[in-house]
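Everything below concerns the one structure shown next.
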Amino acid sequence: MTEILVLAEHRRGEFRDVTFEMLTKGRELSQKIDADLTAVLLGHNVKEFAKKLADHAKKVLTVDDARLEDFNAEAYQKVLSHLISERKPLLTLIGHTSFGVDLAPSLATELNVPLATDCINVDFEEKKPIVVRQVYGGKVNVKASLHTSESYIVTLRPATFEVQEVEPLGGEIIEIPSPLKEDIPYKKFVEYYEPPAGEVDITAANILVSVGRGIKDTENMPIVEKLAGALGGALACSRPIVDKGWLPSDRQVGTSGKTVKPKLYLAVGISGAFQHVSGMKNSDLIIAINKDSKAPIFRAADYGVVEDLFKVVPTLTNKILEEKKSSS
Amino acid sequence: MTNEEFAAIKKLNFNMCMQCGECTGSCPISPKSQLNPRRHMLETAYLVSPLTMRPPLKIYERNEIWDCTTCSTCSYLCPREVKPLDIIIGLRGLLVEQGRIPSTLGDALEGVYKYGNPWGLSRSKRSDWAQDLKVKYVSEGEKADLLYFVGCAASYDSRAQEVARAIVKNFNALDIDFSILGNKETCCGNEIYSLGEKGLFEELVQKNLDLLDRYGVQKIVTTSPHCFHAFKNRYGRELPVKHYTQYFANLIDEGKLKLSGKIEKAVTYQDPCFLGKHNDIYDEPRKIIESIPSVRFVELSRSRKRSVCCEGGGGRMWHDIPGERLAEGRIREALDVGAEIIVVACPFCLLTFDDAIKTTGNEEKIQVKDIMELVAEAL
Amino acid sequence: MDTIVCVKHVPETAEAEIAVDSSGKGIKTEDLVFDINEWDDYAIEEAVLMKEKLGGSVTVITMGPEDADKTLRKCLAKGADKAIRLTDKAFERSDAYATAKILHKAIKDLPFNLILTGTQASDDGYAQVGVILAELLGIPHATMVKKIESKEEFVRVNRELEGGLEQVMEVKLPAMLAVQTGINEPRYVSIMGIRKAREKELKVLGLGDLGLKEEEVGESGSWITMEEMFIPPVEKEAEILTGGPDEIAAKIVETLKARGLV
């Protein structure tokens, strides 16, 4: 039977969302080419995890080994190359995440299996995968085919495929003895490092709520702090806020502050002086709230709201919290 | 220090310095920065001193060297004509060669190198501001008698573009035949020179001279005093360049420009450093402003040679430092003399004041306008 | 520490308007400015910083046409000692796999402790070349590296994970590290510096010099074949959201949801 493998990604005892995005896409593909959808779970003491995956896949292969507890590309590669060599799946899906980027290329090289990375779509044309990728920073799309092979590996861009809830499939959980015989000599996982609280690195944040002069008073700062909290983002600002001492200087975006490229930049009460815009214009998505319709920030933004921030922001914060509650 | 650096420093004229401190005392930036021209002069002198007892040179640790706005107050006040500004630019040059330059300034230089403007914006968008205006672009084989050199700020910044548009309207209203370089225009290099990037400045000089020759340019009028200064004093060749204030003041003298529209406002004027202190042009801008009927012209308490820099020069458009901006103080001075409009003749002054009016919360009380905008209103 | 840095000369497209060329498999590059790939700029800087601290040498290597010498010269001006450019008609249309094979042939007999490259290139965005190269060389690797500490036998690195978290790993030397932007602050190189770097060695090697066969490189030696390039439908810029606060908030949430941001 033709098989599609999906590598489940988890971190510190939680599945990463990309796992279910890949399972959704994998299910669609398996139906199209009449293949089995199999989830692969590598880890340590992950029995409970396997059950959740069984809702989404026909089979769940688990390999339990202390050396697989935290992601280590060397250990993962050894186990996966063993599994893929044995089972010869037509397609293996891996997330194009920090883990996937570290794993997929060397795995494909070892197996001599064609690989396409960071795909925003994958389809089959006569059992051969056709992928869509973005190039030139998302300005151009490429449709590409993989060279004919028995097996293929594709990494999928996270947050691209919407997860569809399905009737639990009640998949079979198959425990596979760990193929790791000797030590993992080259790479050692040491620890996770979380930048200490208070020491926020706005350049590393995926979501930034940035506040400007429009906030008017330090007493109003909780309004934007709450919005940042609801979004799970960090709070940044334009220069006047730092000048006034309302936020420390490491939160400042712009030529005299940091250059940021978050996935979302939500500018609140920022007019968008060129000094500021040059520090954030390359953000993936820019939403600006400012009551001045002529504020230059609207030329940098993808979406604009011409309205009093004091009216919009609290409403927005509540809507986001509601949304998060209902989806969890 | 390499021999080359040693030689470069030795060429700088610091021997006449008597450490009087006039330079540091008059520097508008030194109150909020470690910038201290007198100390830099001393350290530079020590650097190449034949004495063995040299204090360690700290220039490489002196990031404040980038705080200078190149307003040149130090240089014209120096009783021994030492020109501390040249020393500062020379020291910057040493740092640039080592790659020791604040990253935002490095980005500005890269932007000029790659795209011909310090904002690193696309060359193909340089003349977008002129799309709906009547302008003639230079073309091969046709002589451009009068070239309007727009400059980077007026080409790319949305507020400064309004000045370029006003200039074009004024030219057209007076039936003056002129051309622009369009997307072929490239940075004049004034700020590049001021940042000490000699190699890049040389390339820009070559590019611009080639352009002027190729299109047979007879006269140049610039938006910015910075471009004017570069062409006039830094290109090593005498170029027929005028700042627009000179050009339009001359039209008034010749009776070709008569301003009839009424602007019943109290107006003051900021002398741009690169027009005033650097080039002694004080009367022409005032002549234009005062020729507008009903304008009530008031001088700032510190004007002409005593005027205070807006803090936009010397690369400072891309390098911000903490503390109150000079432009903010200038806005307060303008309000003190009862001005409703502060008039400028430089795109950098326009942008720094535009921001300072907002940061000081004076949007309701005062506006900033370029002289060319006033003229367009009064024509 | 002897370091080899793999760099790429790429068109800058962030500000530019992009059009697909007549072949349908490439973009028009006449009006584009080419420069070192942003990620690789951090890689060369990291190598030079290590050299300044620990001694050793830095060799910079690229695959590309003559114009790519500009990027190599820039790297030499930043502090690299030697440069190698790999070029051949047969190398055209190589994907990440074929590119890594070409680099492998050029690097395998060079002495090195460390190979550095950027995590990805801003043009094709594969994020593969360094890792495939490491596998071909039989050395360990780490990607998305935000911090490197050199020890005697190994390097301790911080890998960037999603959500601001980092993973600390120890990787035995020799190793390949693919660095993430922000690991350092790339220095400016002056025009004078670039002019002076012309005196440094820049070697050019082709298919035959590397002992490669034509079928091993280019499209035939690749894993993937480009079928078609197209401009995706662009969303309108600065779309103004209207309505009452409730309506506006709902529209924003919808937008964020569509992008997986809530």
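First chain written, first letter: the chains are A, B and C, and each begins at residue 1.
To be clear about the criterion, a contact is a pair of C-beta atoms (placed from the backbone, for glycine too) under 8 Å apart; a residue touches a chain by one contact, two chains touch by 3 or more.
From a predicted model like this one, the values you see are computed outputs, not experimental measurements.
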| item | value |
| --- | --- |
| Chain whose Cα centroid lies nearest the overall Cα centroid | C |
| Most widely separated chain from subunit A, with each centre as the mean of CA atoms | B |
| Top-ranked pair of chains - ranking by C-beta pairs in contact | A-C |
| Separation of subunit A from subunit C, taking each centre as the mean of its C-alpha atoms, in whole Å | 21 |
| Gap in Å, rounded to a whole number, between the CA centres of subunit C and subunit B | 38 |
| Averaged-CA centre spacing for the pair subunit B and subunit A, given as whole angstrom | 46 |
| For subunit A, residues that touch 2 or more chains besides their own | 299 |
| Multi-partner residues of subunit C (at least 2 other chains) | none |
| Subunit A - residues contacting subunit C, complex | 11, 16-17, 70-74, 96-99, 101-102, 104-106, 108-110, 114-118, 130-131, 133-147, 158-160, 185-195, 201, 203-207, 231, 263-264, 282, 284-285, 287-288, 293, 298-307, 311-312, 315-316, 318-320, 323-324, 327 |
| Complex contact set, residues of subunit B against subunit A | 104, 119, 157-158, 318-322, 351, 355, 358-359 |
| Subunit A residues touching subunit B - in the complex, by the definition given at the top | 213, 239-240, 243, 249, 254-256, 271, 273-275, 278, 296, 299 |
| Touch list for subunit C against partner subunit A, complex | 11, 13-14, 18, 20, 27, 96-97, 100, 119, 122-129, 131-132, 134-136, 139-144, 156, 158-172, 175, 182, 222-232, 235, 237-241, 245-246, 248-250, 252-253, 255-257, 259-262 |
| Contacting residues of subunit C [partner subunit B, same complex] | 12, 15-17, 31, 33, 35, 78, 185-195 |
